[in-house]
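Both complexes below contain chain A, partnered by chain B and then by chain C.
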Partner chain A sequence: MIRGLWDRETVALLLLAALMPVASAWLWFGGTEALLRLLLTLTVSGIWHFVFMIVRAQPPSFAGAITALGVAMFAPQDLGLVAMLLGISFGTVMGELVFGGWGRNVLNPATVTLAFLGFGYPGVSWPDFLLPIAWAAIPTAALGVIFGVMPVRVILGAVVILMPAWALGLQSQPALVGAGLVLVVLVSDPVASASTRLGGWLNGLTYGALVVLFAIHWTDAAAVQLAVSAALLAGLAAPLLDEIAITLWIARRTGRHG
Partner chain B sequence: MHAFSFPSGLDTSPEQVALSTCEAVRLITEEAALTPAAGEEIRLETVVSEGHVVDQGQPIATLHGSTTISIVAPMAGRIASMELRPGRRLVQIVLFRERGGDRHVFNTKGAEADPGVLRNLLQQSGIWRLVRSRPFGAMPRVDEHPAAIFVMASDSRPGSPDPRLAIQGREDAFERGLSALTTLTDGPVFLVASKGKVPGDDLRRVTRLTSGRLHPMGLAGLHVHRRFPATPKAPIWDVQAEVVANLGDLLATGLLPETLLVSLTGTALREPRLVHCQAGADLRGLSREVVEPGPHVVLSGSVLDGASAHWLRPRDRQASVIRKETQHERSHWFRNALRTASRPLPIIPTAALNQSFGGNFPAAAFVRALAAGDIETATKFGALSFLEEDLSLADFVTAADPPLSRQLRVLLDRVQDEEFGQ
Partner chain C sequence: MATRTYLQTLTDPLIRQNPVTLQILGLCSALAVTTSLAVALTMSAALTAVLVLSAGPISLIRRHIPDSIRLIVQIIIVASMVIVIDQILQAYFFELSQSLSVFVSLITTNCLVLGRTEGFARHNPPFRALVDAFGNGLGYSLILILMGSLREVFGAGKLLGFQVLPTVDQGGWFTPLNLMLLAPAAFFMLGLIVWAIRSILPEQVEPLDHAPPNAERLVD
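Let's look at the complex of A and B:
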């Protein structure tokens, strides 16, 4: 009879709140340039949400701001304005809005944007992150998990792989920093990551394993580039991992009850 | 079988603590009514007419098509009105209380020895109607044999009275009723209660299950889903502990107990209240003394799964009185277009969604199967063990539109049509 507040927009706002530590650390160290990039991505994302609201009666979502933040943080730095506009338009429209808006998308739209830019404009330079920004990923993940809007198993699964790999020297510290930031901003998206318990673990492990694999074998890639590529592949695998988890769950249940 | 408890859910202890300080008072309202349970549609052949004076427990109507099943008067009184829709479908039968009225005596001879006689007694005394059969959630068909029975001595809904309180001091009656119930099924009888000793848990054929403290762990649905999934060919019954104790009293004395333990909670009450009242009691009569001035809504059931009602619905053991939200959102064609364009609304898989299903359950995938109307997948997830009340917490948590509980009902109705072709 009474209704909770936990609709789609509440979840989006809580995600935004959880991302605040990372976002503010990044803005603090990035200065005016970072702020301008964020304003640009926010504007473009906002325009597309508005267009889909008018044309397709799709309610706009605060999730657009999360996409904008992800793109502004991780997009290559020396891209021209046109490339940036194309990239974020492609990611927002093809990654999210054509599916019916946030909550119905398959992949994280910011990941789609970044993968599009990475494949479309090879040879551009990807951003590096200072250590303090990486530290901010920890409170972000903690807030996300406490609010219940970030999948805890995905994060833990990734950390289980990434930390030992770094300790063993399989990947450099910048690669760990990049992978950690991509993990909290792009991978631990409740919609695009696996939603089952086992699927979440597998999703996190897949992401971590891919990052380490790329760090070892893809030597000329920047830290963020390989993390984004791993995020894209892990995102594509998420439905399959969920399906595996569900099949096992149903098989166990059938075994128990006939 | 080992005891288990679920790991997660909604903590409703503030409401329970507030209730536990209340002293239950006996309060028989001047009016009471027989109404359909939530979502129930029953067709009646009335055996009395308006103006008749009836005894407490006296059958006043039988079910159309299965005349052995009766519904009985909740108190001694005069039939004030009988409202039936076309097809003799029950809307409400209202009674005015007559002081000094008698109590109807049932013939209980042989009921404890012979399951056939016991079934007849259950059907005549109206207890049959308080038993809920899964899948679909209606009262059992007249010749139905359950594959298992779940006796619920727990209820985790916010503001619900502790069912153990309802059977306190009636342990013998409860055990008698419970052992009678075991004769009705060849399968197991599960007794679900929170930790601690419960009367009857040492009976042969009774399996004790421990329910968690958090909502929805105290609902029958999760336990049925986990321990003995319901199918159309193997229906599962769930019965409230108080009803089992009533059956025990009926078997011992031939009389139906006059009162039920009902809680009143909610934001529009000055204080919560526990009452012993008759079935179908007038909810305004129950709450009048403790309700705060101002607009309010009276719900039969909890704030999660209740519905606005004048009378206590048959299986409800609580009423909620909540403040009425008076703000009106101004209507605008564009906002309406946005609101109605894409239904069902997308559900974001969060920890809250998982917890509202009690943990280890692929909630997001289940919700998706419901929204897509995918009977096959939803059935694999165990949808047939659930009823609306089991999804009401998920509805609250996700603000789903249309509500998941309604989507489930649509799915159950379709399965029922396919199975029984109505």
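Let's look at the complex of A and C:
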């Protein structure tokens, strides 16, 4: 993907810029503790990008900062330092860098990290988010879509399910807040989400439906935990949804042209 | 084949031709029974015993096995050995055999055993077949013991049942990583081991299935 100005780092920087409203709202309300967590995740992610640059000549990416932000925002709070180091190392290396760097990964590395921490340390407490941070998700999504770095169909597909479900009382407001934040930071990722038009819609719908399903049936899970689990499963389904969209397209073309 | 010494036949399967990490054989048991070192050790011993015990007879009658039913004959011999080993485990190590559950019986269908009898014992004299079987058993055991130790240490802070790392519950500092005791962790760990071995021995790296597109071509 090299089209004039549009190389990989342009996308990463624009994505980072789009995430600024959420990030600054989160830092504003989280204070020093949030800042320290962000510094820790930034450092570890940066170290791994550096190691892979030295050992495998993979150019480092600003996308590492996006991963670090996602992990710092959503990771369980009472984890020890060792667990955090292990989690973000696993997510960054196994979720992104072994595939050859950002742009070639299958899942969002921050989602991989959070799933690792969630499965590895059951019983930890997940963060809650204040309403103002959730409002910041709206300008983030708008900026991402205007810049052309966030998949608009994924976001709309998820909103189409999440908002009515909340209005009907199927999920609580904290669940909606968590799902919305996870949607803009983790799910609407230009690399790991579905890339066809129909696939994008299906990807968003899958995420929204999974969140609602978990909110109804997984009663002892925290809001962020169920949103992260839904993001992981929706991310795993994304290639299949693309495949379905492409198969349908080929079938339509064959029907039309013989 | 004739140029290989007995020592090479024995030591090649340890790392260079390792059945698990190079040939990717015998995975189901490598993933399922490595949650603790004791179980991994028992499984390694059982598999090595079956492998050696069945390689001998198959190699002895290799000129008499009709080609059309050779797999049936091999499976009968392997299955008989498995039953013997299973009975011994149930008689003398009952609790271990309970935790191994069905996996000892499943040695019968372990692709590693059939791979060695079909691929080696059927074409080689008995002593060489025995040496090869023993070497492959050791290679399999090496990987199982490594994975079993790592999973037990990081998943429970224990090794062979002894507390190595003091866990938080007992007033120590180590938080057990529950993921290690689940099957996906075995996949990750096996992948990391294969990665490490192939980084050290690059001749094990397989050729790419697809060549990546040339970046320069995309620009035009």
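Quick note on the criterion: the second predicted complex is superposed on the first by the 255 of 258 C-alpha atoms of A that agree within 3 Å, B and C clash if a C-alpha of one lies under 4 Å from a C-alpha of the other, contacts with A are read in each partner's own complex, and residues count from 1 in each chain.
Convention: contacts are C-beta pairs under 8 Å (C-beta built on N, C-alpha and C of every residue); 3 or more make two chains touch, one makes a residue touch a chain.
Given the structure is predicted, the values throughout are model-derived calculations rather than measurements.
By the touch criterion defined above, A:W102 reaches chain B but does not reach chain C.
When both complexes are overlaid on chain A, the residue A:P164 reaches neither chain B nor chain C.
Legend: residue contacts after superposition of the two complexes on their common chain; A:P132 is shown touching neither chain B nor chain C. Once the two structures are overlaid, the count of chain A residues touched is higher for B than for its counterpart among chain B and chain C.
In the superposition on chain A, A:W6 makes contact with chain B only, while chain C stays out of contact range.
Overlaid on A, the two complexes show chain B and chain C touching the same residues of chain A, namely 1-2.
Residue ranges of chain C in contact with chain A, taken from their complex: 173, 175, 177-180, 182, 184, 188, 195, 215, 218-219.
Of all residues in chain A, those touching chain B in their complex are 1-8, 11-12, 53, 56-59, 100-104, 145, 148-149, 151-152, 190-191, 195-197, 242, 245-246, 249-250, 253, 257. Residues 1-2, 79-80, 82-83, 86, 90, 94, 98, 116, 119-122 of chain A are the ones touching chain C in the complex. For chain B in complex with chain A, the touching residues are 228-229, 297, 299, 301, 303-308, 320, 322, 337-339, 341-342, 345-352, 355, 360, 362-365, 380-382, 395-399.
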